[in-house]
Amino acid sequence: MQVRYFAWLRERVGTAAEEIEPGDAATAGDLVDALIARGERYALAFEDLSAVRVAVDQEMGDLDTPISGAREVAFFPPVTGG
Amino acid sequence: MQVRYFAWLRERVGTAAEEIEPGDAATAGDLVDALIARGERYALAFEDLSAVRVAVDQEMGDLDTPISGAREVAFFPPVTGG
Amino acid sequence: MDAPTSTTVSVQTEDFDISAEVERITSANREIGAVVTFTGLVREITGEGPITAMELEHYPGMTERSLREIVEQARTRWPLDAVRLVHRFGKLAPGDRIVLVIAASRHREAAFGAATFLMDYLKTRAPFWKKEHGVEGPVWVDARESDQQIAARWGRSGL
Amino acid sequence: MDAPTSTTVSVQTEDFDISAEVERITSANREIGAVVTFTGLVREITGEGPITAMELEHYPGMTERSLREIVEQARTRWPLDAVRLVHRFGKLAPGDRIVLVIAASRHREAAFGAATFLMDYLKTRAPFWKKEHGVEGPVWVDARESDQQIAARWGRSGL
């Protein structure tokens, strides 16, 4: 599964995208838990989950959104375009 | 006093502006009565007063607006600009 | 009220260019974050069928005065960096631009609010009259009752 | 829904020209009577002080998709003749144009309503992020809580 990061989440994690094996992560929130377990950078990126938004296969979701079968999950701060 | 007419009021009266001696007309409505007394064209122009708007010295008013001392009174249909 | 030099009202027969008008406003003020424009056009098909031309009559002197009053009303209601009103008169063809309203502010709420208000007031207060030339000859356009109702949402004003 | 060819979404680094974009829409459709545009600009002074540059990051693929969904939402709510969205990304300077929204319809209510809605939704749904370069170094812009509240007036949608 492709995991993508944007804005300060990208900067904290240190990469824009990476291939992650989701294991038994059923939701985006489960995936966050698995990522945090990978180390410091992830823990810092996800330290305030209220500031983290999720898209699953390029559709807005949240931490409860199922990710089984998803090709791409993205994490980013609240959007600030326009 | 300068009396001005616009749009179909102008067409019905047959002139865009004329000098009128207001006599004892105290309000725009009194002036309309005096104009109607001048003949057919005015009677036709003012036959439906609900469709007539008034400006006194270039400020929106209505038939009750006083005209004593006014330099210019204008009659026209509801505006349709924009 | 101190009206900045960027507040301008024009009543003219000439066409206008939206980009040029916006550029003139924004190049002078780098604090503007939001610009809303409204452009009104002559529609080819109206309720009465196709038209070949539209004539716009206005009340010189009172027109400019009422447009300036409308702008001042908007300035008391929203924090605006610039306002621009251009209204054409004379003979126009289908597709021609009739009116341009520009409202510029730091944030979009003021720019959208003011532009909407300016058009609502202009539609019901500015002394312009449209005559359409269609298949049945020239017809003076009736005022839309809905325009009065829409303008009423802003409350009574001293205009 | 049949989206007319005039519905177009662009995500680009290049600047845009408001007049040219409006002309492209109106020259193809003589039934349009009202065109509302919104232009968003990089402000020189923000809450944090003066900035020298702004970087816009986005989510390629999802961005275009979300903008198209926002346009379809607007089309179900208002009778629109045309909609156009242009959003830039990359490095911009104070005064630069960021975003353009155009809504065109027969009457102004739909054009104003749709343009306001499109900006409200774009501000809260489209995956763009702004980074400002100011005196204290680069800072990611915080989302405005007020934008969420404003967008809430349109109700929940499936976006």
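By written order: A, B, C and D. Residues from 1 in each chain.
Just so we're on the same page, a contact is a pair of C-beta atoms (placed from the backbone, for glycine too) under 8 Å apart; a residue touches a chain by one contact, two chains touch by 3 or more.
Note that the structure is a prediction, hence the values are computed from the model and not measured.
> Chains touching subunit A and subunit C alike, please list them.
D
> Averaging over Cα atoms per chain, report the distance between subunit A and subunit B in Å.
So the centre of subunit A lies 72 Å away from the centre of subunit B.
> Roughly how far is subunit B from subunit D, going centre to centre by Cα mean, in whole Å?
Distance between chain centres, rounded to whole Å: 48 Å.
> On a C-alpha centroid basis, what's the spacing between subunit A and subunit D, in Å?
Distance between chain centres, rounded to whole Å: 26 Å.
> Check each residue of subunit B and list the ones that touch at least two other chains.
82, in rising order.
> If a residue has to touch 2 or more other chains to count, which residues of subunit D qualify?
Residues 40, 108, 119 of subunit D each touch two or more of the other chains.
> Between which chains does touch occur?
Every pair of chains in contact is listed here: A-D, B-C, C-D.
> Give the list of subunit A residues in touch with subunit D in this complex.
That would be residues 4, 6-8, 10, 55, 58, 60, 74, 76-82 of subunit A.
> Taking the touch rule as given, give the residues of subunit C at its contact with subunit B in the complex, in rising order.
40, 56-59, 61-62, 65-66, 87, 98-99, 119, 122-131, 140-143, 159
> Would you mind writing out the residues of subunit D in touch with subunit C in their complex?
Result: residues 17-20, 22, 26-27, 30-45, 94-95, 106, 108-109, 111-112, 115-116, 119, 150 of subunit D touch subunit C.
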